[in-house]
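Next come the structures, one after another.
Two complexes come next, and they have one chain in common, subunit A, joined by subunit B in the first and subunit C in the second.
And then the complex of A and B:
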């Protein structure tokens, strides 16, 4: 890696952070030094409390992603292939889409309580919309010729959907999942911040109330790393799943 | 075609009405506990009370002001930084690593530390909204500036346009479709962060009211405020799309 002016800027800012806290330029309990933040993070990881919370958050995120993603793909397929369903339910979907996610948490708490079912549902709801939109666009962009060819060969509608349309729409669907993945992590943390005592989000708020700034910043550093790693991992997975698409010389959107 | 376009949402509205009626019936028949989901008609009455008495006005304005201010600040920063990074390679080299470092931080996780520094007032909420708005706008602006036709840039240079003129009258308009697409994504995120920061700060606004009503078991009020928030989200989204179409009227496909 080449050291550019940008790398120097980051190093400079981090050094400034460390120095301002160590030398008392910013004298505030809310402004711990970078080294203290990293030490607090390491200590939390060592006790096993934070790893357990991360696993819980990731499990809720994964479950919500799977449920919402599946629902999104199926609804998208239905909307695209059976125009009547889009006409009947399109309006309801469009009315629900712009509701900011945190706002659906209080009513869901009434129905599902504070624990896993509520949080998984919130994540699933968030994931549903981008996956639905991308599936719909992906299916509509499938070359009519390939569908017509399937029909010519006498392939039934269900098998056409599964073996011709779905694979052809896969790049678009995966792009939707990539957007959804980032949102899913954020929303998992948001749900945990607002309700219940589980996971990373609740830990973050707990540390805020306890006035333990180093731990709080440590969790944020961890979340950023987690988000980055998840995105990287997903892109790698995407490259494997739709290698044929990239082989055709196209670039990631 | 004309009639068809009118009929499509109409059948959707019929389905919506049917769903509401079904819900009303299910509540009346005792299939759904009234404490969790009051009959839609009673929610509508409560909604009417809130609107007619003018009680809905102040929280609505509070949330709208937050969304607008944060959205404007975040968009301005995103566009300015994106333009500068796309135009001057030295600025790109300086800022790109920093942007890539800050971008994966879930902005919702930044609300607790922001509360430590800025308290629970307007400053904290506006900062968190502006933060989440900045990055999608920045990334899209950058992409838009990079996608400007080289031939046009050469033509501008041939005509002896000064850099400022080229930026304002060539680069910015050419990048506008992508800039606006980024802003559209950011508008939804701005609503999310506005509601979340209101919930965590507990100092008024629609987000706070929804959570507060749930916690004090005033379920009908909770749903009424939720409907107001949803309509607001829908209206903002719709207004933005209208404005976007108007701004891009030359881009008819």
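And then the complex of A and C:
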């Protein structure tokens, strides 16, 4: 890997972390040195407990992402293509959108319980809005010419939506998913912190109560790495899915 | 002939009732809301030692970071049983929620050390509740047992509790907040007392025991269930109570022994070395009218009064000594 200035900055900050704990600049047991944190993280990975919890969290996140994403894309398409739906539901969506998801967790607990259905719904709700907004804008930005051309060739409205509009709007939709992905991980952990024994979130609470700061920060470091890896993975996927868009972009530039 | 047949039928019907232990694979699942604290040691002992399984019950514990989701979850039917502190339970009862005590969980010991301690910075000169007037006192939550016993301690040591500014600070952050000067005093519960003295012992000191100094042996926390669930499934809760109380016996027989600390360390993840300096509560089985009357009187004294039902009516048969 090529070492860029950004990498040096991260290494510098990590070194500062280590030094601040070792040299007592921050004198608290709740500020363990990076080396202790990594040792604790390695120990918890080795027992197999943490990998199992990560898998559980990723599964919940993935399920919420899929459900919320699909709903977002379908609603976005409907809003853009069938004006009546936008008139009917647009206001409702705009009213619900600014509500912070953690604020609606208590009613969700009431209706959906404390298990996976509640946690996945929380993630799906978080994912829904950025995907919806981006889908809507992506569809509205599709060149009218290509839609008109489809119509000229006698392609029906459903096939037009699926084979002309959706691919053309895909770059915007994927941008929405990228925003949603980062939020999804955050919200999954928050939902797991509320109740239950599964996932990274509950592990964070447990370690906080047990006063085990190195383990707690170990999970936080892990979450940072996980979020970074997910984003990198998504970008790679994006480049394959809409290679034509990047190619066109490069030509234009 | 008909007599034997009837006997056989009766025996067949009675078997599952008389010997739930034989109904393997048909365990009744009960979800219990807990907090990862020392008080729930008997529950974990009963799970680990198979006392619940022997009664045909499978316990599914759900850990919450505080009382915030436990009691509402009970009302919403998410939990069959909730572990909570007595003040939060009684405030729910005051609001008309049909909580019933199914078992005691923990209470203060008669003399120090007890599970709550009041810590200040060394050299701050704060010694009594009177010194705390106009100062900032941290409690993990307002209007719970920690806060209530803290206010009682302030008054007992000559202060006016209304003049003390209570600040909500979660237990895990209390030692830093106190050492860093964000608060002037803090009411810690174990094992956070032991943790704070272990790590900040050069800067913090203990000046009081809010429980044993204001209410020796006083009530602290219990297990509750909903009245209608108890009315419909009394037998299940009888079995729950029996199993839990075997867990209480298990714990009480091992006071001061490594086996108990190992159990607590296993479910709470608190390092074993720290638990050796940790004060444990007393683990009662029963809930008495007297302790509920005491807490209602204390709550009324510190601004949490109201119309409370007769305390005896709140105690389910499993919690009667």
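Everything below uses one rule, namely that the second predicted complex is superposed on the first by the 224 of 253 C-alpha atoms of A that agree within 3 Å, B and C clash if a C-alpha of one lies under 4 Å from a C-alpha of the other, contacts with A are read in each partner's own complex, and residues count from 1 in each chain.
Methods note: a residue touches a chain if its C-beta (ideal position, glycine included) is under 8 Å from a C-beta of that chain, and two chains touch if they have at least 3 such contacts.
Model, not experiment: these values are computed from the prediction.
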First (subunit B), second (subunit C), both or neither touched by A:114: second
First (subunit B), second (subunit C), both or neither touched by A:219: first
When both partners are placed on the shared chain, which of subunit B and subunit C touches more of subunit A: B
Subunit B versus subunit C as contact partner of A:12, first or second or both or neither: neither
Touching partner for A:106 - first (subunit B), second (subunit C), both, neither: both
Contacts of A:210 with subunit B and subunit C, given as first, second, both or neither: second
Contacts of A:30 with subunit B and subunit C, given as first, second, both or neither: both
Subunit B versus subunit C as contact partner of A:202, first or second or both or neither: second
Intersection of subunit A interface sets (partners subunit B, subunit C): 30, 106, 109-110, 193-194, 205, 207-208
Parts of subunit A lying in touch with subunit C, wherever the complex brings them together: 28-30, 106, 109-110, 113-114, 193-197, 202, 205-212, 215
Interface residues, subunit B side, partner subunit A - complex: 8-9, 11-13, 15-16, 19, 35-37, 90, 93-98, 101, 104-113, 115-117, 188, 191-192, 194-196, 199-200, 206-207, 210-211, 213-215, 219, 222-223, 226, 229-230, 233-234, 236-237
List of subunit C residues in touch with subunit A within their complex: 33, 35-37, 61-65, 69, 72-73, 76, 78, 171-173, 175-176, 179-180, 191-192, 195, 199-200, 268-271, 274
Interface residues, subunit A side, partner subunit B - complex: 4-7, 9-10, 13, 30, 87-92, 95-96, 98-107, 109-111, 185-186, 189-190, 193-194, 201, 204-205, 207-208, 213, 216-217, 219-220, 223-225, 227-228, 231
